[in-house]
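Chain lettering (A, B, C and D) follows the sequence in which the chains are written, and residue indices restart at 1 in each chain.
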Amino acid sequence: MIIVLKREATQEIADEILSRIEQKGLKPLFMPGTERVVLGALGDERVLAELNLDGHPMVESLKPILSPYKLVSREMHPHDTIVRFGKANIGGPSFAVIGGPCAVETEDRLRSSASVVKAAGAIGIRAGAYKPRSSPYSFQGHGPEGLTTLRTIGDELGLPVVTEVMDTADVEAVAEKADMLQVGARNMQNFSLLKVLGKVDKPVLLKRGLAAKVEDLLLAAEYLLAAGNEQVILCERGIRTFETATRNTLDLNAVAYMKQKTHLPVMVDPSHGTGVRDLVIPMSLAAAACGADGLLVEVHENPVDAWSDGAQSLYPHQFETMMETLKPVLAAVGRDLA
Amino acid sequence: MIIVLKREATQEIADEILSRIEQKGLKPLFMPGTERVVLGALGDERVLAELNLDGHPMVESLKPILSPYKLVSREMHPHDTIVRFGKANIGGPSFAVIGGPCAVETEDRLRSSASVVKAAGAIGIRAGAYKPRSSPYSFQGHGPEGLTTLRTIGDELGLPVVTEVMDTADVEAVAEKADMLQVGARNMQNFSLLKVLGKVDKPVLLKRGLAAKVEDLLLAAEYLLAAGNEQVILCERGIRTFETATRNTLDLNAVAYMKQKTHLPVMVDPSHGTGVRDLVIPMSLAAAACGADGLLVEVHENPVDAWSDGAQSLYPHQFETMMETLKPVLAAVGRDLA
Amino acid sequence: MIIVLKREATQEIADEILSRIEQKGLKPLFMPGTERVVLGALGDERVLAELNLDGHPMVESLKPILSPYKLVSREMHPHDTIVRFGKANIGGPSFAVIGGPCAVETEDRLRSSASVVKAAGAIGIRAGAYKPRSSPYSFQGHGPEGLTTLRTIGDELGLPVVTEVMDTADVEAVAEKADMLQVGARNMQNFSLLKVLGKVDKPVLLKRGLAAKVEDLLLAAEYLLAAGNEQVILCERGIRTFETATRNTLDLNAVAYMKQKTHLPVMVDPSHGTGVRDLVIPMSLAAAACGADGLLVEVHENPVDAWSDGAQSLYPHQFETMMETLKPVLAAVGRDLA
Amino acid sequence: MIIVLKREATQEIADEILSRIEQKGLKPLFMPGTERVVLGALGDERVLAELNLDGHPMVESLKPILSPYKLVSREMHPHDTIVRFGKANIGGPSFAVIGGPCAVETEDRLRSSASVVKAAGAIGIRAGAYKPRSSPYSFQGHGPEGLTTLRTIGDELGLPVVTEVMDTADVEAVAEKADMLQVGARNMQNFSLLKVLGKVDKPVLLKRGLAAKVEDLLLAAEYLLAAGNEQVILCERGIRTFETATRNTLDLNAVAYMKQKTHLPVMVDPSHGTGVRDLVIPMSLAAAACGADGLLVEVHENPVDAWSDGAQSLYPHQFETMMETLKPVLAAVGRDLA
């Protein structure tokens, strides 16, 4: 931590802070300059947070030296974490595509969409039973019945399923039916939920929040690992910016960046990342090219009739095209479809 | 709803959509143009959402005519809603200031900060027992013991208390101790939490999310009203933008805008809205000048030593200055301190 | 400057950088830590920029200690700069309101709008002869004829005029006719233009860019001062964010922040800052309350018929109301209308 | 254009607007609803802008039906435009890589960097003689001497050169020396510059502004085409968002979107788009995969020593790796290196 003191800070102030740094077991540094005094504190910065120096009236600014996340960092854990999802490994050399409709609507519709997805080579099914919707008047999902339908179809087709959990009260029920639990963008910093999921023996797919910096996402994952769950997959799904031509701005920089900083697998959701059906295939290829470990894609047997997210759901034939088009791109970067 | 069809859409497509609009009890409109066919549907747009036209392959764009929120709209309810908090009314002619530390630390510290706040004229106390923190290694709040301490001090000083609830599992416990329940920015779209709070017989302070549009905030409030709770206060607390000189960008435009669009009271949190202690007073005055109904301000008996948010907490003397400075500005806009 | 080295950096690398720092006449610091080596360089950071350490493969991050702007800083120049505009002083105790239409349309229309503005107490007139418009098909302004009309009306009413200059080729012509030259948001980082304006003997009104950090704005002003022009007024006019309810997000935090960091006057443009006529008055009051030195407001004799920016232009009676409403708010903060 | 009237608008208001629409030669539509009256105007919306309906006090909102750009639209011009740059075609089946240092520093250094770029297969050289820098104390470029150096090296190596022009006063000089003129992000809406470049007989590379929507970029290009220059290449180079881990957020959504909406070639600048050397290669591959027509990449013979942008400049061996890695990805999407 670098501590820049205000111009009017006295030597006594500097000494007081230096001794508090030392008491925490960190190495204090004194750097007097012509315009300002600068102090340093070297060591585990998590301890330093307890000094609450950001509230000090003589401190002009604080600059951390090291990243605040530890367990998710590649520095602490250089090898890629591989998350098991059904029979597939996510985070290894194979690229994992998970597809399905936005929501579980009816059993027949889910069977139909999931069959398309399986036939085209996806390794798992996605569909929501609990749906976070901006308006209370929009379809909110079928809840427990939706979970049962999802499990039924997953078993029938022999594919694992991932679905969103929105509330600590539902974690047990969702964990019982699903093979992976998804934390949605709007709940990425629902820390109560993260703490409970850190105790669950199922993998967690953690989606980036609409206004979450990459560091916020890594710290949210740190909650899961710190609580004991190491089976975590990160998911870039677009951030909110001033651009209105697309629903969100898919931040592929973040994918390449996170692959360097963390050992956790990183997936991409080009459906929410664009909000526009016709942009899903090109952005899927881009995600594969820049190092993502897989995709989460919305597909519907008949998007015209979908109860939610129809505008960004692929038609079955588009999903098939996407899978075919992905193969040579993955080969070009030394990977294959899982 | 205005429905712009793609250039290649045929008459059959237009007819099919028009008949679906009619079946929903809405008035269909056909508007053929030289470059495009445009359709209209007039009536309650909540019904229209069920047509899922955004997924239609021949629909180029959809443009709503009316706002998607209803119960929170001033059109439906022209008179200001007044929320009772202890002995004070929020949303009427008096301006309500609620102050206190970021978190309940110890009983003595809370007593000390709360006494300052009371002496200076605040109508209530704020302090967190459950703290949402970006890092799992930061102080997470004292939980139930914090609630008890907060209730004790509130009773001792004769002031109502507001505190954050982060999880549906804690709603009952928080509602038992607090006079108002706060939904934090990171939970603004935790719809499970909103649905439960909609059934609680206590007022709710709903803070705007970091990336929430004003419309998203109004729709989140709509969840509360639709579930039966009409005692809702909105709170602008800064949004996340590219600016880094301040922690957030306080969006006072949103305050003036919401006062015109909704009957619910609107408060401002200049502490999170700036993140910088020395900016809190000027932004408090600005909030009062543009029509806010009150403030939520962080004050600490000794910010240097605060366990969280020290950099944005006022010193006691600053809070007193703020209250004194507010009075003439409020008088200038025809209001007074509650 | 704090220089954090990568984990794999050797002692040789550190020594090499330290000696380069010393050669620039700065004080080098060596701070070995348990996880990283950190270096420091104390002194004028403008010199340090020449070392180009951000390109060094063994440098993980660079953190400036001091602000990169100097001449505009209040540290270097503690007293408020006062800019003379006609008979008024901007930046002193009086609050300056400049009003007028978006563009010079016809001489009669300008006379009509400017008369309203004068009668209500404005100290100057604004109107554009050169208009930056997103579309090439929108009205682009009358150019030189517009300047002449503006000068005529200004002389007729005895009020100074401010107008935008978009091109170095026009600076001389605009400087001849106008009392103050405006740099629009889209040209805030048109450094060629700033360099030329730094040589002009007329005050410059520098508007913040749509994506400009406060520091970028202060550095743009630094261009003007470094070239010799100290008559500079900064103008907050809203930044571009994800919010769509308003045209821009007026960042009043920036006003309070800049008043603390720089000695230059800071004005606010609530017309562009909101884009919505009905929000202009409340945001004008907020600007006055938080310490702005004046306003730049669009007013039109008949906004329904304005050739540009009609939606955000005040009606004459609204401008009069604004001026009346401002008076008590200004009195409350110890100021008056210029 | 769809015109939503306010609730209180009378029939007379509607009639007045409808007759103004008709007078402009557009087809007026009257759509009375239960809550609001909605009007329509079908035809060329450029004409409609002259009605200035956004300023009307009884108009609640305006919603354009058609895009405001025409000449750049693929609807008007379905076939890809191909821009000739030296011996290469940009916008056709071959993928064009242009490389070089941020700035022209010395002739020897430029020769060295440019030779690397040529040897690895680039089709042209980029380097700045006029440099837009946030601070007036940073290196500003060599100006005319830089242009001469650039021309010399281009001729020596037999490669065309592209360089930035910042001011209308320099257009002639730059056009004389360069094979393509670049408009930088900060000048994307310098409309005076665009109008002059629209008359130049050289191709223009137009970079997206930091806060420019895709539509703003297309409208800026429309300025060039409307003035007569059809040799225009668009360049995505990252937008400014809240994320701080990278210098900008590279918006590849915009690339895929623009390839569908316009016939103009679209290039990507992954150097500015990330600001981080180690992210340039993955984002180059992503750009190639999602349909970009080429890359603009910063390469320096010795980035440690670069006078600007060292942190994002590739080492020569990295540029070679990038070119090799691109080949199979391009083959996977049916293209090759130009």
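Quick note on the criterion: a residue touches a chain if its C-beta (ideal position, glycine included) is under 8 Å from a C-beta of that chain, and two chains touch if they have at least 3 such contacts.
Bear in mind that the values here come from a model prediction, so they are computed numbers and not experimental data.
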item	value
Remotest chain, subunit B as reference, centres from CA atoms	D
Gap in Å, rounded to a whole number, between the CA centres of subunit C and subunit A	38
Computed distance of Cα centres, subunit C from subunit B, in Å	31
Centre-of-Cα separation between subunit D and subunit C, whole angstrom	26
For subunit B, residues that touch 2 or more chains besides their own	211, 239-242, 244
Contact graph of the chains (line, ring, star, complete, other)	complete
In the complex, subunit A residues that touch subunit C	2, 4, 7, 27, 29, 31-36, 38, 40, 42-43, 63, 65-66, 75, 240-242, 244
Complex contacts: residues of subunit C adjacent to subunit D	46, 49-50, 52, 54-57, 68-69, 130, 132-138, 140, 166-170, 186-187, 189-193, 209-211, 216, 219-220, 222-223, 226-227, 239-240, 277, 300, 303-311, 313, 315
Touch list for subunit A against partner subunit D, complex	211, 213-215, 238-239, 241-246, 249-257, 259-260, 273-274, 276, 278-279, 282-283, 285-291, 325, 328-329, 331-333
